[in-house]
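The letters A, B, C, D, E, F, G and H name the chains in turn, as written, and every chain counts its residues from 1.
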Amino acid sequence: MQNWTIYLFGEIHSDWRERIDQGLRAAKLPVECLAPVTDHAASDDCGVEILGNESESFWMDHKGAKINAIRTRTYIERADVVVVRFGEKYRQWNAAFDAGYAAALGKPIITLHDPGLTHALKEVDGAALAVAETPEQVVEILKYVMRAS
Amino acid sequence: MQNWTIYLFGEIHSDWRERIDQGLRAAKLPVECLAPVTDHAASDDCGVEILGNESESFWMDHKGAKINAIRTRTYIERADVVVVRFGEKYRQWNAAFDAGYAAALGKPIITLHDPGLTHALKEVDGAALAVAETPEQVVEILKYVMRAS
Amino acid sequence: MQNWTIYLFGEIHSDWRERIDQGLRAAKLPVECLAPVTDHAASDDCGVEILGNESESFWMDHKGAKINAIRTRTYIERADVVVVRFGEKYRQWNAAFDAGYAAALGKPIITLHDPGLTHALKEVDGAALAVAETPEQVVEILKYVMRAS
Amino acid sequence: MQNWTIYLFGEIHSDWRERIDQGLRAAKLPVECLAPVTDHAASDDCGVEILGNESESFWMDHKGAKINAIRTRTYIERADVVVVRFGEKYRQWNAAFDAGYAAALGKPIITLHDPGLTHALKEVDGAALAVAETPEQVVEILKYVMRAS
Amino acid sequence: MQNWTIYLFGEIHSDWRERIDQGLRAAKLPVECLAPVTDHAASDDCGVEILGNESESFWMDHKGAKINAIRTRTYIERADVVVVRFGEKYRQWNAAFDAGYAAALGKPIITLHDPGLTHALKEVDGAALAVAETPEQVVEILKYVMRAS
Amino acid sequence: MQNWTIYLFGEIHSDWRERIDQGLRAAKLPVECLAPVTDHAASDDCGVEILGNESESFWMDHKGAKINAIRTRTYIERADVVVVRFGEKYRQWNAAFDAGYAAALGKPIITLHDPGLTHALKEVDGAALAVAETPEQVVEILKYVMRAS
Amino acid sequence: MQNWTIYLFGEIHSDWRERIDQGLRAAKLPVECLAPVTDHAASDDCGVEILGNESESFWMDHKGAKINAIRTRTYIERADVVVVRFGEKYRQWNAAFDAGYAAALGKPIITLHDPGLTHALKEVDGAALAVAETPEQVVEILKYVMRAS
Amino acid sequence: MQNWTIYLFGEIHSDWRERIDQGLRAAKLPVECLAPVTDHAASDDCGVEILGNESESFWMDHKGAKINAIRTRTYIERADVVVVRFGEKYRQWNAAFDAGYAAALGKPIITLHDPGLTHALKEVDGAALAVAETPEQVVEILKYVMRAS
C-alpha cells in the first residue's frame, strides 16, 4: 500500500487532530499527518520572537504570518489530501484562505464542521470532496479511499 | 495605455465598490471592474431558483454556492488585480477562500479593511501586495500602478 | 459587460444547442457559443475523406477522431464554461472523455441530462458546478452568472 | 531499474486486473499497480454509509462519487502510466471521464477493449499511446517499456 | 466564427506555405498564418549582422539561433494549431525540435511530408493529430475543423 | 502583422527607452512598449504616500516595493519579450530579480549593457536570447523577429 | 549527496552511453542513467510484435512509435538532466523532437556531437546548457555540477 | 518528521552556510542543505576547463555560467525553502536573478543581509517570507517551521 500525506489545518482549540490521528493509527494506515503550529502564542509571536520586535502591531502580525506561511504552503503542496476544520469561535480567515489555496492547486479537500456552520461555509463545502461533522467520519473516509481495493 | 481588469470581491453591504468605480472613472483609467453577484438574496437562492427546490438546506446552499463559483472563478482568472474587502459583520469565509484561490494563481492582491481586523486578517494581508483602509487608497494604488511611467 | 465563450458538447441528435442559443440571444448576452462538428456522417468520415482511405476500420476511425480532436481541444481551452449533454442513446464516451479533460483544466462544467441518467453520470455530475435537466435551465444559469451584479 | 506506478481503472466485472498483476509479477518487474475501489456496492454506498443517509438518490450518488474521486484523482496523479478497460456492459462514463482527465495531465494512456467497441471508443483510443485487446498485451507493453534497454 | 492562428514551420525551399495561404484565403477562413523567417541567408546571419561578428563559427551560429528563437517560441505559444513540413533535403533538426516543443505545450500538430519519410518521422507523426501529404490536405483539415458546425 | 508587447525594465537614468521607442516607431512596428514607473522618487515613496507613513525605513521601503510589484509582475506576464538594461551605477538587484522571474516564466529575454559588465552579468546573459550593447541593436533585433517573413 | 537522474537519448550505434556510465561509476557519483530502448530492431517492431501485424507500413511504424513514447516521455519527465547525442548517420528526428520536448519542460539539456554538425544543430545547441564533443566531457560536467560544493 | 531541503545561495565569502549547517545539525533537524559551487575560481573556469578554451572572455563566461545553471536550477526546483544572502561586496546579480527565479516558482524565500542593504534589496525582501540579519535567525526560523506542532 502506498503512503498518503494528510494536512490537517484550521481550528486549534479542540482535540480533533488527536482523534483523527488515533483512528488512523488504530487502522494501521500508512498515513503521515501534518499540522500547522498549533501553539497559539508561539504562532502569534514567532515573527518578533525570532526577527526582532516591532512598534506597530500590524508589522508584528505581518512578520509572524509570513513565517507561518513557510510551513503552511509547504505542507499544502506536499499533501495528498487536506482536511480543514472550522469551529464556532474566532474568524478563522486563515483556514478559509488556505482552503482556497489548496483548491486552486487541485488538492482534494475534506471539510469538518458542525451543521450550524453550513450556510456560512457553503462556498468552501462546495469546493470540497467531502463534508464531515466528526473526526471519526474523516477517519472512515481515509480508510475507505486507502482500502486494498 | 493597456486595459486592466480588476475583480472586487468580499463584503457586499457598503458602497466601497461604487467609491472605487467613481474614483477610477474620474481618473479616466482604462479599467474594467468585475464583481460577484452582490444581491444577497439572489446569490443565496440562485441554486434552488433555477435548478429546483431542495428539502435539505445543506443542498440548497450547495447548489447556490456552486453556481456562484462559475462566476467567481472565471473573474479571478481574468483579473489582473484582485481587491478583497472584509467588514466587521458576517464570517465572510468565501472572501477569504477566494483570496487564497487568487494567491495560489499568483494574482496581485489588495486587501481593504479597518485596522481593527488586522490581527484576524494577518495571513491574508501577508499574502497581499497592499493593505488599504479606504476605497480611495485602492484608487490611488491603481492610479499609481497604471500611470504613464 | 465582458464576453463569455461557452462550449456546448455531447449529444448531437436533439435541438438542445438551438434552444440554448435562442435563449441567450433573446437575453442579449455577450456570449459566443462553440460546438463540435454535429454532422454525424461528416464527423465520422473526415479522416478518410481528407487524408485518404483505410482498409482497416480501426484506422479509419482513428484518423477521423484525431482530426476532430483539433477542434475539440481548441474549443475546450478557449471556453469560459463548458456545457455537456448526455442522452439516452449511444455510449457517448467522447463526451465523458472531453468532460474529464475540461475538469483537469479547471473549466467550470455544467451537465445537462434527464434524471434517469443520474446514477450512471454521478462522477461527471460530481465534478460539475451545475446539473441541469433542460436547456432553459442552462440559459438561466448563464444569465445569472453574467448579470450586471 | 526504477519503479513504475500503473493505475488500472475502468471495468470491474472481469479478472483483467488480476491477469495483469500476475503477468507483471511473473516478469518480476518493479511495478506497483493501483486500482479504484472495485467492490461495486461499497463504491456506490460509501457516501451515505460514512456521511449519513440522503432522501434524494441524486445526493446519495453525489456524496459517494466525490469520496471516490479522492482516490481516483490521487491515483491518476501518481501514475506513470494509466490503463483503462471498457467492457460491453454498463455505460462506464466515469472510466471515460477519468481517461480524459488523465489525457489532460499528459499521462501515457493504454486502452484495453474488444474490437467491437472500436468505433464507440475512437476518441479515447485516439488519445492513447497503445490500444490493447487482452491483458496479456498490456503486460507485454509494460515489459517492453521497462526493459533494461 | 472565431479567429484561428496557425504557425507553419519547417522546410523553406518549396511553395507549401503559399499554397496553404491561398487555399485558406479562397475559403475565406478567419485564419492568421505565422511563419519563421524563411529567408535562409537572413536567418543564418542575423546574429552577427545585428550583434557583431564572431571569429568562431560556433558562436556565429549560436547568436543567430537564439535570435530566431525569440520569434519561434513566441509563435508556437500563440498558435492554435502548428503545421510542420519536412522535405527530403537538409537535416531540419530545428523543425523536429520545434515540433517536440509544441507537443510538450499540448498544441495540436499537423505534419506534412512525403510518404518516403514516414519511417524516419514516425515519432513526430505519432505525436501529431494529422499527417498530410499535400498542402491542400492541410487546407481541407483546417476548413473542416473551422466549419460552422 | 500581429502585435507584440515588449517590457523594458532596469536602469532608469539614461534615455535608452526613448531610443528604443523612437526606433520602433520609425520602423512602424505594431509594438506596445511597457515600462516600470521610472520616476525614482515616486517609485520610492508610493507606499507611504498612498498608504500612510512608517517610522521604520524598512517598512517604508517594503510598502513601496510591493505596490511597484503589482505593476512589475503584471507587465512581465503580459510581455512577449522583455528587455532589461543594467548600468554602471547602483546595485539594480530588482532588475536582476525581475529577469530571473521572467526567465522562470519562459519569457524571451534581451539584455542590454556595456561590455564592462559582462563578467558580473554572465548568469543573466546566459539565460538571455540576445545580449545587446546599444538600444539600436535591440531595435534591430525586434525588427528582425517581427519582419514579414 | 542527493541522487541525480540522467536521461541519455539519441544516437544508438556507438558506445557513448557506456563511456558515460563508466565515467560516472568510476567517480562514484549517485547517478541513475536512463536510456531509450537501444535495440534498433526491437524498437522498430514492438508495435506489431505486441499488438498485431499491420498491412500498411505507416501504421506499423505508428504503433511502435507510440509504445516507445510511453518510455520516452516518462524518462524525460523523471530526468534532472537530459543528454542528447547526434551522430553523422540517419536523420534522428526523434532525438531532436525529444530535445524540444525536454526544452519546453525546462529540463537542463547537454548536447553531444562532433563539431561538423554544429551548423545543423545550432537551434538545439542554442537551447542547451552545455555542448560537448566527447562522452568524457559530459562526465566532467556531471562531476562538476554534483561536486560537494 | 518529514525531511526538508534547503538551498542556500548567494554570497560565498563568509561562513554563513557553515553557521546555518551547524545550527541545524545541533538541533538535529531532518534537513538537507544544498549550495551552489562556492569555489570562486572553479565556478568561473568550469566552462573552458571542461569544454575547451575561448578567445573571447564573453564566451568563456557564457560557457561557465550555463554549466553552473545546471546545478542552480536543479537545486532551486528541489528546495522546499531557499535562503539567499547578499553581502556588501560584488554585484551579486546572479543571486538576485536566482531569487527572482525561485519567486516565480512559488518557493518560500528567506533573505539574509545587513540592514545597510535594506533599501537596495527592498524588492527582493518584498517577495520574501522572512528577512533575517544573522544565520542564527535563519536557523531559528527553520527550527520553528519544522517543530513538532
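Following the convention adopted for this analysis, a contact is a pair of C-beta atoms (placed from the backbone, for glycine too) under 8 Å apart; a residue touches a chain by one contact, two chains touch by 3 or more.
What you are looking at is a predicted structure, and each value in this text was computed from that prediction instead of being measured.
Enquirer: Over half of the interface residue numbers used by both chain C and chain D, so same, or under half, so different?
Expert: Mostly the same residues form this interface, as more than half of the numbers used are common to both chains.
Enquirer: Contact counts by the stated rule: is the higher one at F-H or C-E?
Expert: F-H
Enquirer: Tell me, please, which of C-D, A-D or B-C gives a repeat of the E-G interface, judged by over half of the contact pairs matching in residue number.
Expert: Comparing each option in C-D, A-D or B-C with E-G, the repeat is C-D.
Enquirer: Report the inter-centroid distance (CA atoms only) between chain C and chain F in whole Å.
Expert: One centre to the other, that is 43 Å.
Enquirer: Which whole number of Å gives the spacing of the CA centres of chain B and chain H?
Expert: 37
Enquirer: Where the CA atoms of chain G average out and where those of chain H average out, how many Å apart are those spots?
Expert: Those two chain centres are 30 Å apart.
Enquirer: Which residues does chain G have that touch at least 2 chains other than itself?
Expert: Correct list: 66, 68-69, 106, 131.
Enquirer: Which residues of chain G touch chain E in their complex?
Expert: Per the stated touch rule, the residues are 57-58, 61-62, 64-66, 68-69, 72, 86, 90-94, 96-105, 115, 118-127, 131.
Enquirer: Using the touch definition from the top, list the residues of chain G that touch chain D in their complex.
Expert: Touching chain D: residues 5, 32, 34-39, 42, 46, 50-51, 63, 66-71, 73-74, 78 of chain G.
Enquirer: Quick one: in the complex, what on chain G touches chain H?
Expert: 2, 4, 80-81, 106, 108, 110, 129-133, 137, 140-141, 144-147, 149
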